[in-house]
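When the chains are written out, they are named A, B, C, D, E, F, G and H in that same order, and each has its own residue count from 1.
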Amino acid sequence: MADRTWSVYLAGEIHSDWRERIEAGVREAGLPVEFTAPVTDHAASDEAGTGTLGEESEPFWRDQMGAGVNAIRTQTLIRAADVVVVRFGDKYRQWNAAFDAGCAAALGKPYVTLHDPEFDHALKEVDRAAQAVARTPEQVVAVLRYAIEGRLA
Amino acid sequence: MADRTWSVYLAGEIHSDWRERIEAGVREAGLPVEFTAPVTDHAASDEAGTGTLGEESEPFWRDQMGAGVNAIRTQTLIRAADVVVVRFGDKYRQWNAAFDAGCAAALGKPYVTLHDPEFDHALKEVDRAAQAVARTPEQVVAVLRYAIEGRLA
Amino acid sequence: MADRTWSVYLAGEIHSDWRERIEAGVREAGLPVEFTAPVTDHAASDEAGTGTLGEESEPFWRDQMGAGVNAIRTQTLIRAADVVVVRFGDKYRQWNAAFDAGCAAALGKPYVTLHDPEFDHALKEVDRAAQAVARTPEQVVAVLRYAIEGRLA
Amino acid sequence: MADRTWSVYLAGEIHSDWRERIEAGVREAGLPVEFTAPVTDHAASDEAGTGTLGEESEPFWRDQMGAGVNAIRTQTLIRAADVVVVRFGDKYRQWNAAFDAGCAAALGKPYVTLHDPEFDHALKEVDRAAQAVARTPEQVVAVLRYAIEGRLA
Amino acid sequence: MADRTWSVYLAGEIHSDWRERIEAGVREAGLPVEFTAPVTDHAASDEAGTGTLGEESEPFWRDQMGAGVNAIRTQTLIRAADVVVVRFGDKYRQWNAAFDAGCAAALGKPYVTLHDPEFDHALKEVDRAAQAVARTPEQVVAVLRYAIEGRLA
Amino acid sequence: MADRTWSVYLAGEIHSDWRERIEAGVREAGLPVEFTAPVTDHAASDEAGTGTLGEESEPFWRDQMGAGVNAIRTQTLIRAADVVVVRFGDKYRQWNAAFDAGCAAALGKPYVTLHDPEFDHALKEVDRAAQAVARTPEQVVAVLRYAIEGRLA
Amino acid sequence: MADRTWSVYLAGEIHSDWRERIEAGVREAGLPVEFTAPVTDHAASDEAGTGTLGEESEPFWRDQMGAGVNAIRTQTLIRAADVVVVRFGDKYRQWNAAFDAGCAAALGKPYVTLHDPEFDHALKEVDRAAQAVARTPEQVVAVLRYAIEGRLA
Amino acid sequence: MADRTWSVYLAGEIHSDWRERIEAGVREAGLPVEFTAPVTDHAASDEAGTGTLGEESEPFWRDQMGAGVNAIRTQTLIRAADVVVVRFGDKYRQWNAAFDAGCAAALGKPYVTLHDPEFDHALKEVDRAAQAVARTPEQVVAVLRYAIEGRLA
């Protein structure tokens, strides 16, 4: 069988350690995975526009400049990914996470959602187009291990 | 110039009268528009699966059945639309609205968002991929009038 | 809302009256649906090649000629459909039904499967990529009624 | 001429040694091929959902969970393959094999079927969209050797 | 069943009456078909560039101008067609017919070739990607009748 | 032959009467064409954003708002067109005309350029991807007459 | 600038040394090119089906089997190529060369034709969709050198 | 995180040192970027056709030959790029730069424009479809550093 390296994009929440837990689990399992992600430094992300292209006093346009610069990264990496994991945490509205899931779905790219059961009803459309709904980073690792190496443990 | 009928899909919030206001405004302006939308009867939408395919006791799977049946409608109509309008209200998490926007973006289909300024920061990625950000249904009507007939009033 | 006519392709089994039952139910419900289907006359279908292009003594090539002529119809109509319904009956192997489902899935076209629970395990991959799994033609009618008109009954 | 490595996905039956025979033949012929495949451990495959995402008592949903997790692997690898080989054995219904063939056909990806003549009539649609119909793993090896190196023996 | 009108593009040879024979047969059979075709007036076709865009003395560029103008028609109509019929006659090299077949194949559009057996070997690649190989216009009519109405006679 | 209505998008310069001359010529020739175009009222076009979505004092963002609203119209109509005509006049930089040509080229949509020979060198990349280069509106009419009806005069 | 290796597919005539001349010229110029091509051993190519899949007495089906097996190679390599060169020689009808050009055109892949002026009129459609028309293998080398390294000599 | 190399295509103006400044800045920042670009030697670019394919006395056709040969390079590299930067300088009409931007937009590929504020109004359509509008090469470097490594300085 081929020694393929899988590219996995970790979308969504940037305020908990879920990415680190998935990466640690994957490393421990020895899986051939390269992870990509949006910029997870919240402050930097908010200044992505003004910090690169120059000042802008209007908050709306400051956000729009920043979102454009961030999109260069996110759209490129999502399109280059084999699999996307989309995490919904319990803070903020996280519409960008759902937006990324919509992009993945329309591009025919398999994705896994990661969230608590309390959001099941609100996320039903997003979950329905996903290949799997996980509750913990460890379950995501288990899914990747199975998808990549066919092992359940 | 051609007598084209435009198909406009009205995605998102189902708890206020924004669709009616847009439709009334478009009718008053005499624009050649056919509107489509998700099922906006919340109760019916929640029973879309069990009401058509049979009982299911687990809430998670009940939601998944319903989301699938709803997707037959929404995915078909979004792909058939010329333009999508995506409304974010102030209740619920509305991840499906952001998901629809992501689909539209990935399909190269122009969309307009409709929301209050308080959500500007949280919606910056969704707004950035939109062609226009409107604050009122009347602004959406103005955008459609301009896009379809080239008139500003 | 728009007065859209939906195109629904009825794929799969040709040995029971499931198509007639769906069509009758849809007519009774007054839904704006145009149905398309493969040629359901088994004898004609088997002679699709030799009956149009001339004799062929080898069974393998006779089948290949016929399958090509049938594909002109089926591929055109599947690509033109909004929704595909795929029926798996209890006779024959019906690989062409699963093939049609695979085409629909890869084209991003929503489909509904229709089969008895005894096939659930064997059809799990096909069902997973479907938007709905129905057990009776009446459930398919209910799904179409909901998807098209948003009514549950 | 280029020293290209070909990616070949081996879809379908998981109860005989056809994959091993193709791989052995390709190795012996010294062809630059990387093989990929679904998970071929039947027990693991059936537990792909519950073994990674947690318990589920309903058989239907257990299968759906498993099929989703398996699809992460199969859809990624089919899309990454240059050529797909689809094997139909004499046991089980193997609808997933026909589904994979339908996906490959709709994606414009060349595929080879591998099956006994007794299935010719039932597989005529699937065979018609294939580039070749083989009877033995050795014939598949011969096809790959020719396609990759232009040698007939 | 739906009352669909099929669009059939008749590509290739412009020096015999095969188009008229197909159209007469289709009319007689009462099939809902709209035919499209390249410009079949050889003299007009050769002057398509100079007759519309102005003089050009170099034969090579005269041909290139004409081919561009012809392509506006042919590429638009091929993309709009449900089915393409490609005729290879016994005169001239007819590379444009094979080119049109290649376009149809790459676009996933079903096509039927129409030629004498003497060209079978030279056309084997073109025939292989076709859904049917016909010898007479009447066979093409029979194929269309079957594909559209499911009748063999 | 089919009674097809062709959709022709007239892109580019909005300061001369070239659109009217093409429309008059097409009407006189009795061709079945529906024309579409960007908003050609320069003042309205410049206010497309502020006139529909509200005030904006920064010229850069005012332009960006307007360009987004205009794009709803232009992107929809270009994608719906069979053929695009792109006019380059002698005033302004007309980068949007070249941008529209690039879109058409990447979408595989045939287009015709219309400009004076003095721009030949500067437009060589844009002309090269076009199907025809016309010098006068009357030549565009001649191209459409030929493409649609196969007549040279 | 990037150290990119270009993949160039050499389609068409297999009875003269044009491929060797292009390869020698490219090697001499030190260009980073990997060449691919159809099987150029005419006898092997004619037996591609029967030599891999088993005997077939009917010439038509023998050719069809062979064309399918050849297509696994040619379709894979054309789709993987950056640039296609299509050679038309003075023998045989070479419809497969024109077919390959049609595939390349529909896939948006740039191609260069290589043929004598005597075929200019017959190849005008094929040449028009090409990026360049060359008369000698040395000209193709010059085109590749320019396209890859920007040098004219 | 993955050690991805990004491919960045630098389109547009060839008469100032903006490419060198971006490359120097990227090198200094240690970013994993491979740059590609059109041929920037103006004289060579103008002779791309006649210098490779032979003489041509008519300026229009000389330009067309050259533009075709240049397009082999530019179209291949734009399609292979992750990100495109499009520079508009103050000389010449630079329609090819806007054409490249249109291609990128239609292909869903993120691009950054680089130009002085004096062109903001004329470039509003091109800027609107971009992810970022930069004024200096150093800002482009900052955008790439952020997009690739998530660092603002």
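Heads up, the rule we're going with is that a contact is a pair of C-beta atoms (placed from the backbone, for glycine too) under 8 Å apart; a residue touches a chain by one contact, two chains touch by 3 or more.
Values in this document were obtained by computation on a predicted structure and should not be read as measured data.
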The chain whose C-alpha centroid lies farthest from that of chain D is chain F
Over half of interface residue numbers shared between chain F and chain H means same, under half means different, so which is it?
same
Measuring from the mean C-alpha position of chain C to the mean C-alpha position of chain D, what distance in angstrom results?
24
Any idea how many Å lie between the Cα centroids of chain C and chain G?
40
Set of chain D residues in contact with two or more other chains:
68, 70-71, 106, 108, 133
What residues on chain H touch chain A, complex-wise?
1-4, 6, 82-83, 108, 110, 112, 130-135, 139, 142-143, 145-148, 150-153
Can you tell me which positions in chain G touch chain D when the two form their complex?
7, 34-37, 39-41, 44, 47-49, 51-54, 65, 68-73, 75-76, 79-80
Using the touch definition up top, name the residues of chain A that touch chain B in the complex.
59-60, 63-64, 66-68, 70-71, 74, 88, 92-107, 117, 119-129, 133
Quick check: in the complex, which residue numbers of chain B touch chain D?
58, 61
